[in-house]
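Below are the structure tokens for one structure; questions will follow.
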Amino acid sequence: MAETRMAETEAPKTRPGTKRIIDREEAARARRRRIESIGRWTLPLVVLVLMIVLWDRICVWNDIPKYILPRPGLVAETLWNDAPILFKALLITLRTTILALLVAVIGGVGLAVLFTQSKLFEMSFYPYAVVLQVTPIVAIAPLIFIYISSKIVGMLLCAWIVAFFPVLSNTTLGLNSADHNLRDLFNIYGATRWQRLRYLQLPSALPYFLGGLRIAGGLALIGAVVAEYVAGTGGVGSGLAFTILESSYRLNIPRVFAALILIAATGVVIFMALSLLSHLLLRKWHESALKRES
Amino acid sequence: MAETRMAETEAPKTRPGTKRIIDREEAARARRRRIESIGRWTLPLVVLVLMIVLWDRICVWNDIPKYILPRPGLVAETLWNDAPILFKALLITLRTTILALLVAVIGGVGLAVLFTQSKLFEMSFYPYAVVLQVTPIVAIAPLIFIYISSKIVGMLLCAWIVAFFPVLSNTTLGLNSADHNLRDLFNIYGATRWQRLRYLQLPSALPYFLGGLRIAGGLALIGAVVAEYVAGTGGVGSGLAFTILESSYRLNIPRVFAALILIAATGVVIFMALSLLSHLLLRKWHESALKRES
Amino acid sequence: MSLEGTDVAATDAVTKGGATNEDGTSEGAPLLTLSDVSKVFNGDLVALNGMSLQVRAGDFVSLLGPSGCGKSTALRLIAGLSHPTSGKIDWTGGQGAGDLGVVFQEPTLMPWATVAQNVWLPWRLRGKSYASVKDKVLEALALVGLEKFAGSYPRELSGGMKMRVSIARSLVTNPRLILMDEPFAALDEITRHKLNNDLLALRAKIGCTIIFVTHSVFESVFLSNRIVVMAARPGRVIHEVAVDAPYPRDEEFRTSSAYAAHCRAASDALHDAIGD
Amino acid sequence: MSLEGTDVAATDAVTKGGATNEDGTSEGAPLLTLSDVSKVFNGDLVALNGMSLQVRAGDFVSLLGPSGCGKSTALRLIAGLSHPTSGKIDWTGGQGAGDLGVVFQEPTLMPWATVAQNVWLPWRLRGKSYASVKDKVLEALALVGLEKFAGSYPRELSGGMKMRVSIARSLVTNPRLILMDEPFAALDEITRHKLNNDLLALRAKIGCTIIFVTHSVFESVFLSNRIVVMAARPGRVIHEVAVDAPYPRDEEFRTSSAYAAHCRAASDALHDAIGD
Amino acid sequence: DKVSFGTNWLPEAEHGGYYQAVADGTYAKCGLDVTIVPGGPQVNNRAMMMAGRLTFNMDGNFLQPFQALKEGIPLVVVAADFQKDPQILMTHPGRLKDFKEMKTLPKIFVGDNAYQSLYQWLEQAYGLKASQRAVYTFNAAPFIADKNSAQQGYVTSEPYAVEKQGGFKPDVYLMADLGWNTPATLVEAMQSTLDKHPAWVKCFVEGSAIGWANYLYGDPSKGNAAILKANPEMTQDQIDYSIKAMKDHGIVDSGLSLKEGIGAMSADQIKSFYEKMVKSGVVDKGLDISKVFTTKYSNSGASLPVKKKLTDK
């Protein structure tokens, strides 16, 4: 057999011309791979540092006073000094966010499933989901808080309204995108509605759903902040919205930015967590998560 | 050939037992089809009417005064009487919405394309897109309006920040979901980056993109309303947000609801328009839009 | 009652339908009857034109014909996945939705499930836990030579392996009726022969009815007792070749002169169908 | 210089690699050389183990072997879609990325494009407008008998028709090297024979090199001048059968005794590969 | 009895009297357990009161009650704890020679509520234009950044922040001094509350007046502690500044209240304000404004003895 004869793996150096081309290619490939594996961590960091330096320079060059745009150093200092207040507030906002996201997922997926079960049901009720999405929270918040006595439930409802639509919309799309051959197969094997949903449509919808979830993650955070605004939680036990509001009224802008940075960082962390989740769930089979050669 | 012999199409009535089953099935199918084609239009209308009646009944049963939740009749009356004001305001909001959606599409797709061109680029800059998404507009609006003197540009920016992320996120997902066999094919035929993008990735991403667009449509509308809030166009030439603010200040709650209903209806119309667009673009080939038998 | 009389006559005509010799091997009760079934796509593409066919329990019917002649369409109609534009499909004994195994022309595997999970599917849809049918799943996989790949995902398989998973799935429940659309096209001839034999053995064991689409004249002759030859544009039945060799058939049959004669007949019919 | 000397010798060994007779029909300049190429998936699945092969310009090489023996993997390596775990693939004259036509085992059509647009693709990627290559596209479609379906979408085609579109696409640019992975598996034998003849005619006309995966011993003998027989687990080359019949080959060749002899040889090799 | 009172902003010294009265038990003495519900820019406490979720609500000036009257909402103002509206416009120092030049500034930052009320009047009375208005999002940075702008504020609050962060003392124009003669920090309740629980109203109005007297003239530390607790962002410095400003400008206690006690209202003053507003087209004419307020509880002089004791005046 051929391989026994050709045991010298790093093979013969024939035809130097040809050889060199391959070598250059291989070397380039190796180099690219090396750069990539380093870049994977350093580049984002470098960009982060650059962004911060740029922010700092912009402040200095344009002589921007700290009550308009504080320099990053000052924000970092504030973040450090005010950590106890800020992180307590963050925790509260985070709680609302996570609860809202959870409810958004349950509500969004639940509605999507209902909608795909019956076209007529979908046609009748989808518009109201859209209505919920486009209604300015600020305008209907009084109504919500009038009839829902628990502030927490009211806030959850507000954040949910903001966050649920992407989950609903993407999941519906996904449920309808199941491969038609597989759908036929399920029909033939006499799958019940529920089985088709469970074993075919839900897995097919997963990538779409996870996409919607990543959008909803950010929206839930915004929703939580907006909900705090309209619920007007003052005093102890209040979240980041309160901090931003009051600090900006008092022109304690460094603290506003510290709070904003916390929100932004939280958003990024939520996004990365959801991306990781998505990767873990899809890496075995979906195009978007598969590592491919070349 | 067989068919010539079997020309009597409504075929022999053998084995009445068997026959009847088929007949019943067929009849059921026909009935279902008939119901569906009627239901397609009437059911949503019926639900709409029911919703309105329910709203009215809730107002009556709970004795809700009109300055908290006006009855639908009153809102309709206001809508009719204040039509000139309201529709002028609607037009203005709509203009912002459409512009914002347009910019969101350009920005979202543009960024998504950039991101799929280089993994490193994506890793470095995607977080900032997330940051934009989760930043509360209210908090950074002052900064925007200090440095952007044109109110319209500022408003567009605000609405864009609200609306662009779903487009970006879904399009990125879609661009990465191109069938790997086709990707290989393009590689083999020596497609350039641009060609692969143009002929393979963009069409593959279309269903995802359109899903994102449908989410963004509603968000652009909300974004426009929020932008009006923070930009505060007073007086003539101001949109629905202003109408809502003013009317709610004047405790003219029926008009607030009339404006809200306009927003909701606009949202639904935008959604339906985008759904139609989606259907038209995908009906030739994508699962989610194909009509299938059975 | 006179009406009923005519009907029976008409049905008989159907039974003897197609062009040629209905033979003795078709002894079972009528299972399903296609009466003048047509299927038109997009209003003008006649995929199937007035197809009449009666399948009896225990039949092994092969559909043979050029690409695009409506074989898959006919199978889909029988499977109830699509409805005839005109004509009727009658099931005797309400078998219609019942105990069916199916192999599509494409492997049609769930990409998110492992090979074993894919094969488990028909059982799963009948509410069986994996543990309770694990033996059957592995047995079916062994039949197609994939027991070592039970834990692989479809994307890790070669084209022929995917198709074999699909075959294993169709057999795992020992169904009474099996519809197979070119199941062995992606396999080498030796594996193909082996699976042909296995399929016949299975058929002998559980006595199932099989409707089988193939492009191979040899395969159709070796496997079936009836070969329905179709022609394209419009898709229609133009011949029926009865293969009256008794079952069980083995490798010996492949070398028999009867086999060669049948092959010639089927091949001629196919040439006829293609019209050259 | 001594080093270079050894190299040439080693290369010769590669050229004569495989198990059997390198024959006279391989006269062109060396085009590509696989030297001890291995491919391992997931760290333990050896899809290809030390495959060595030299393809010369003008060769028609068939890869024959059981399902899962690494034929598609070898083709993917040659196409540059995947990189060998060890070993080298050398191209002479930088042909590597050049003028290539390819048929995957699956049809791989763009679902959003019509048949004509799918066939246009290779030209489109070279910057040709549809109008400027319309004739070629329609000609390629006519070759596979699909000129009437130019405006259809892939989902409206039968399995065999999809595959034929894929074949038309691979031929539309008259490429110098064509890689084909079981292109005719989904076609009936008559259409298959016709396309075999067409392929040989095309080869004669444009003088291209073809690497061809098939499961049909007959097809491989009829088409190629070299048959590489592979075995599975681990995927490897175990025989090479030279088919030294001269081109052009026609239907007469199919009935010649040389053909039968070659078929027997290839079939034996295949039996060897499957190990039964 | 448990009652609740919605304010118009986060806890601050401008609500000192109420926090004081809660903290030192003044309300408790007459039998009320008062919960103070803070407001905010997007919080709509008035709607909460109209829906019966709050007993009392704080309102900035009389325009809203007029609107309520017009819309037939049974809402009654029962006290005005500020004699003068603390609303100001401020500019960069020396930017204007006279408030009359305000109409020449390109940008005036005004919040939504003030735009609907105060600004409408300013347009009529001082010729300001709608196009000058920019949105005040309760962040003074844009004002500080732009020398040619003006900004709304409370005399007790915004100038302090600007002074501290912007490093300059803005020129302050108190609206009350320019003819904006509405009583302010109104306490309002629904007619039904007045009908069913007059005792609550009496207790709350008088208790608030006493609370304010204690807060301004006595030891405000209890009230301040309550404010600081409820609003961790608040500073003692800011509170001190606010109290001083309230005293300096006679926001709470001047004119009528000197004789009739904190919270007192005069029908004539309200009528005069109404007429001004009618003239500037902000409210409709012909409303029977006597229905929208009652001096029955506010003018009882409850705060006078307390103040006397504390100041010996």
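The letters A, B, C, D and E name the chains in turn, as written, and every chain counts its residues from 1.
In the analysis below, a contact is a pair of C-beta atoms (placed from the backbone, for glycine too) under 8 Å apart; a residue touches a chain by one contact, two chains touch by 3 or more.
These numbers come from a predicted model, not from an experiment.
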item	value
Separation of subunit E from subunit D in steps, with touching chains one step apart	2
Chains most often in contact, by C-beta pairs	A-B
Greatest separation from subunit C - chain, by CA centre	E
Centre-to-centre distance between subunit C and subunit B (centres being mean Cα positions), rounded to whole Å	46
Geometric centre distance via CA averages, subunit D-subunit C, whole Å	31
Shared-contact residues (touching 2 or more other chains) in subunit E	44, 47, 51, 137, 139, 141-142, 145
For subunit B, residues contacting two or more additional chains	68, 138, 142-143, 146, 179, 187, 229, 248, 286, 290, 294
Overlap residues in subunit C, where contacts from two or more other chains coincide	80-81, 106
Complex interface listing, subunit C residues touching subunit A	76, 79-81, 97-98, 100, 102, 104, 106, 108, 110-113, 121-122, 124-125, 153-155
Touch list for subunit E against partner subunit B, complex	44, 47, 50-51, 64, 67-68, 70-73, 112-113, 115-117, 119, 130-131, 133-135, 137, 139, 141-142, 145-146
Contact footprint of subunit E on subunit B as seen in their complex	65, 67-68, 138, 141-143, 145-146, 229-232, 234-236, 245-246, 248-253
Interface residues, subunit E side, partner subunit A - complex	10-11, 37-45, 47-48, 51, 53, 137-142, 144-145, 157, 161-162, 164-166, 229-235, 238
Subunit B residues within the subunit D interface of the complex	179, 181-182, 184-192, 195, 199-200, 203, 206, 284-286, 290
